[in-house]
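One chain, chain A, appears in both complexes that follow, with chain B as partner in the first and chain C in the second.
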Partner chain A sequence: MTTYILRRLAWAVPTALVVSLIIFSLLYITPGDPAAMMAGQDATPEEIETLRSGLKLDRPFHVRLGEFYWDLAHLDLGDSIRTGDPVIKLIASRLDVTLTLALLVEGVILGIGIPLGVIAAWRQNTWIDRGVMVVAVLGFSIPGFWLAFMAMWLFSLKLGVLPAAGYVPFGEGAWPFFERLILPTAVTGLIGMALLVRMTRGAMVELLREDFVRTARAKGLGERVVLFRHALKAAAPPIITVVGLGFAGLVTGLVITESVFALPGLGLLLASAIAARDYPVIQGFILLVSLVYVVVNLLVDISYAALDPRVRL
Partner chain B sequence: MDLTARARTIWGTPSRRLRIGWFRLLKTFRRNPNMTLGVVCVAIAVTMAVSAPLLADQSPTLIQTRQRLLPISSDHWFGTDHFGRDVFARTIYGSRISLTVGISVAVLALSAGTTIGLLTGYFSRVDAIAMRIIDGLMAIPGLLLAIALVALLGASLQNVVVALSVTATPGISRVVRSSVLTLRSQLYVDAATAMGASPARILLHHVLPNAWAPIIVLGTFIIPGVMLTEAGLSFLGAGTPPETPSWGNMIAEGRRFLRNAPWMITFPGIFLSLTVLGVNLIGDALRDLTDPKLRRRAEVDRGR
Partner chain C sequence: MRNGRHSSFIVVLAAVGLLAVAASACGREVVKEIVKEVPVEKVVEKEVVREVVKEVPREVVKEVPKEVVKEVPKVVEVTKVIEKEKIVEKDPRGGGTLRVVAEASVASLDSIATTGGINQTVAGHIYDQLFNLGEGQVPRAQMVDNWSVSPDGLAYTFTLRGGLLFHDGTKVTSEDAVASIKRLIDRKLGPWAQMVERGITPQVVDEKTFTVKFKEPYGLLVETLATSNLYPPVQQARLASKTPANEPIKEHVGSGPFKLVKWNPGASIRMERFAEYVARAERADGHGGGKKVFVDVLEWLEVPDPGTRIVMLETGQVDFVQSAPQDDLNRLKKNRDLQVFPHPFGRWPVLIFNNINPPFDDVVARRAVVAAIDAEGIMAAYGPKDLWRTCGQLFGCGGIFDTEVGLENYNQRNIQKGKELLKQSKYDGRVIDVMVPTDQPLISPVTQIARPSLEAIGLKVNMVVTDWATVVQRRGKPDGYHIMSSYGTHGSPLAPSTAFATPHYCNCATDAQKKLSADFMKATNLQEKQRIATEKQRIYFEEVPWYQVGEFFSYHIGSRRLQGYATTAGKLGEPAFWNVWLEK
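Let's turn to the complex of A and B:
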């Protein structure tokens, strides 16, 4: 197991290096000159030049690449063009909102998505199965932000049962805090669970034909035990893969949901950075998310090996 | 489990050969109402795009400040927006953007991905380096990579297509590469090599024809994803320029008027969802059709 983990780790490190290299190169060749942008519109060419050497933007690719990794090792992602704050500080200050939402959404995805997939497979080719699959295919097809606006229009503007947007810290009351997270969580979760429902159903349909399931039933075990203890356990590897892959979808979903519901998290930070062409913030965010994604993939591989000894070979 | 296996978990195991006879196609339509629904949805979107000037009697870009935010009426079937532009006309013309982006990206990404997949699968020398780059690109969530590329290239329809193609190519290369890896150890490839065929001939005449099925199925799964990402990019302000009547832009513009003019958001969203749904349903049906294992199982299920 240890050798397997080390081997996977040796695999993840070059990937992380390539990712950061790609993102650095994008930053390097970005046309809109950051120096000109910071200096403002009525700056003289000399002023821009001074600023550029001050920002160390006038040095060759490899020097800046070396500095980029040096800074990265010190958790320095550069400064925002707009506010001048370090990007890492901006990201850290927004992390709590996004993490809260992410946990809630992942809870909805796993807590509803997996049972739905299992039940659909169990009642294969009945109306229950078809209904679940319709929900799943709609989740693939409906744009999340549109569904969010429709939900906001119905529940906040027409029915008036939930607040439309905004964020209240937990310290100012538990209900106002949760109330504003219900719609974002529901919408992102509903869209995000589509792939998981499909994969769970697909894996379970195959497994329910297996001999060990028949044996379990013949032993007289209850259906719930057969489904969730025996079959679902065997279906864990593909499900974990999909959950790990879902990280990219989760980030995308959160960025868009936060932007719709005006939740002051990382997504909103990204959206405002895009609007202001604040490249260091955009690239710092993408770099961080991608590196986390590499780690998530690593964890998926390790849990895979923990569950299925054949993988370790 | 490597990324190839992961791609397979999502897209299914590719089969060897695409064999869709006309008879089988007819039978599929009859047995598979989803496929029919998918074709109808896509047909509506294509009709809208092709005959937009005939269907919409008003200009999608004509600004009429006196007719701002008008509700649904016989003059304006879908109401008007904050510039007095006809939402019906804009929705009709919006299909052009969505389909153009979806189809061009699918064509570009499939060509690039197939080429890369063939080369990396066959020549192990380029394989190692190319695969590291592809792993790196795949580790960046698609929407974010597209945002970075559009920020870099500038917001235009063309650059959105380029950005989305770059985003979609790595996944295709991986799947094609994995097919090539299995195909190149086939006996007929050995035979061709023994007869002195050049690598180009082997790849184009012996390997590629047998790898078509997964490539086409992949294509139908890329189009809907690309359409949604394009709308998402426009919504975040990193997509087509705001004056373009694309469905994503229309929804983004309508957000400020959700209370007073919900029709600005509702209609483009419905048409975007239906178009994406249609392509998804066709993709599902095509995959079932080209996956012999699945087909056999479906027949067994019916027999019971």
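Let's turn to the complex of A and C:
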């Protein structure tokens, strides 16, 4: 297993290089001029050109790519065109919000989605099953921003029990920090669990007809043990794949949630960087995304081996 | 025998008694009482108190100091501001944390290196200015104590106020002022570029005195130093002199009424009152006058979604929202816990032609479009009628440069005329690219709503729906677009630089217009400036390098707890949080 893990981690390097090459190339040909954006409406073409030169945006593609890889080799992602801050520092400053939110949302998804899916499969074709599927369909159908504003209207404006939005650093108070994550967690979690409910139900429905499940029941095992220790364990691989990819998506793509609830996370950082054509930030972010997916995929594969003795890494 | 005698005695007594009764009955006189009321006058003295008011004239000598006013004629060019509502000031009460939501994300607190109104607005609380604007957009000295101009208009001399300190405790000197002005000159933003052409040279004289000299007269230096669009800050010389003008300063040590405490990029900026700040003695006047800080902490929050900002205000999480959504005005006005602060000065949506890209290198084609445009239809996109008006005057309606020259060409809504003009023009039927930046809600309506008019006169239109970054890139190319839109402001009415500074990307600056701009900068009296402004508008309507569609007003909104804002910064529009307080 150790060799497998090391080999997979080693593949992360060329993966990141290829991804960064693709992104660098796409950004190069994408319309938009960060120098003109920064220079402002009143700037003359000469001023814009001076600024572009100062930002090294006037260099040929291969020169800029070479500089980028050189900096990357020294673990330097460059500086933001917009603010002048190091990209690594900008990303690091947003990690606490995004990681906390992602973990909380994942907790909701797993804590509600898996039991609901199991119950729906266990009570297949009953009103319980149909009810759970209605909830799942609603989760797929309801736009996230709409649900976010409805939650804000109800819990903040009408009932006044939760703050509407905003962010307080953890260092300024644990409860104010978590209090402002309750609504975004609930909204994102409720929508995110829809897929997991359906995946879990689908996987479980097939397995509950299997001989080993019948054997387990015949041995007199309790239904909870049959469902969660035997059947769910066998259904885990596709569920873990969905959970893993979902978590990676949460870490890197909560733009709407962060925008509506004013949470300064990675999603919002990416959105503003794209609008301003802040290339170093975009490139740094994409690199981070590729590394996250590599690690998550590795963890998913390791979990397969842990859950299924037949899988050898 | 004795009993016989007693019986007889009794009989005799009884008989005597009976006889007596009979006698009395027969002989008694019967008196019949008759009651007769006989009036008897009784005099009762009743005391009646009658108050008699007697006026006794008494001479009271009251000494009233008679102020002898000595009139010294001074020409003050002001814009008349009409107050529409009575504002009742309450007693200031200090303390607390004032939370405000900025209209956009703050990229930098160095407002020399980074353009963008929000950067300047926020930075203006940390960095003080040499001048700023009072009510009516009149320049007011702030850090400057007194100043003078030489008779030939070539030399300005400024003296700083005493006691000014930076937030690190060091004194503010003329060296800092000169270094900051030099940095502005290097940046060459807007009017500073024009000043460079006139040979501007700032110089230190002593610790508090400095001069700014020109090789050619420039009559708008003070107005430019006061203009809130640019908010020229005074930065520390040690930082300003060593940091290139287009690179943001990272260490923010200002001398303003607020001191930077913490900046969470993308989230919040926290400032606290600078206790050693020396405010001017006079009363508050717009952004100027005495800048007194009544709150302990000022926190700027970045909230990307406009709907979320309003919810946070309605739930009391924040106290002020800058530039609230235009469409929400009528609903928010009904909320008694909130107060609306209309921006008194409008912004001007403009339709911009690429004057070197056919067919709009032909003035007839431009006139064809102008003839067809429905200005009122476009302006209706900016919200309720309270928030916009049609106004074609290049320098604004009702201002000191208001003129009706050429106005017959504004808001014609004449499709037939447009068709005829287009046929007369050099238009060859090519497709024209019209830019629509969907991420700019105050810019995109202009071209979107103009589209039917453009097509009605016979133009083949390609709506390029994209984001602002792409528009900025394409407008820099000679053939990057045919028509785009934007909006602008006119700055101080005394220095309407925007109206004179033609955007380079319209490729429309002619020699005649450049000469007019130069003459305006040199003009030293109002009448001459008005003459030039009138001529400018006449040429504008003849050449129509762009088309000013109308005027819209944004508004801010705050909690009822926020006091003092309406009578200070509210008079000018750009938010400023000195001279305001939170009611407890």
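What we mean here is this: the second predicted complex is superposed on the first by the 237 of 313 C-alpha atoms of A that agree within 3 Å, B and C clash if a C-alpha of one lies under 4 Å from a C-alpha of the other, contacts with A are read in each partner's own complex, and residues count from 1 in each chain.
Methods note: a contact is a pair of C-beta atoms (placed from the backbone, for glycine too) under 8 Å apart; a residue touches a chain by one contact, two chains touch by 3 or more.
Treat the numbers as computed from the prediction; the structure is a model and nothing was measured.
Once chain A of one complex is fitted onto chain A of the other, the partner contacts of A:165 are limited to chain C, with no touch recorded for chain B.
In the superposed model, A:152 lies in contact with both chain B and chain C. By the touch criterion defined above, A:220 reaches neither chain B nor chain C. Once the two complexes are overlaid on the shared chain, A:47 sits against chain C while remaining clear of chain B.
When the two complexes are overlaid on their common chain A, residue A:290 makes contact with chain B while staying clear of chain C. Note on chain A: of its two partners chain C and chain B, the one contacting more of its residues is B.
By the touch criterion defined above, A:140 lies against chain B but remains apart from chain C after alignment on the C-alpha atoms of chain A. Applying the stated contact rule after C-alpha superposition, one finds that A:60 touches neither chain B nor chain C. Once the two complexes are overlaid on the shared chain, A:260 sits against chain B and chain C alike. Taken together, the two complexes place residues 31, 149, 152-153, 157, 259-260, 271, 275, 277 of chain A in contact with chain B and also with chain C. Chain contact summary for the complex, chain B toward chain A: residues 1, 6, 9-10, 132-133, 135-137, 139-145, 147-149, 151-152, 154, 224, 228, 231-232, 235-238, 248, 251, 254-255, 258-259, 262, 265-266, 269, 272-274, 276-277, 280-281, 284, 301. The touching residues of chain A, counted against chain C in their complex, run 31-34, 36-45, 47-48, 50-51, 54, 82-85, 90, 93-94, 149, 152-153, 156-157, 160, 163-167, 169, 259-262, 264, 268-269, 271-272, 275-277. Interface residues of chain A facing chain B in the complex, by the touch rule stated above, are 14-16, 18-19, 21-23, 26, 29-31, 124-125, 137-138, 140-146, 149-150, 152-153, 157, 195, 199, 237-238, 241-242, 245, 247-249, 251-252, 255-256, 259-260, 270-271, 274-275, 277, 279, 282-283, 285-286, 289-290, 293-294, 297, 300-301, 304, 311.
Taken in their complex, chain C has these residues touching chain A: 105, 107-108, 114-116, 188-190, 193, 244, 246-248, 250, 264-268, 301-305, 307-308, 311-312, 314-315, 317, 439, 466-470, 472-474, 476, 486, 488, 501, 503-504.
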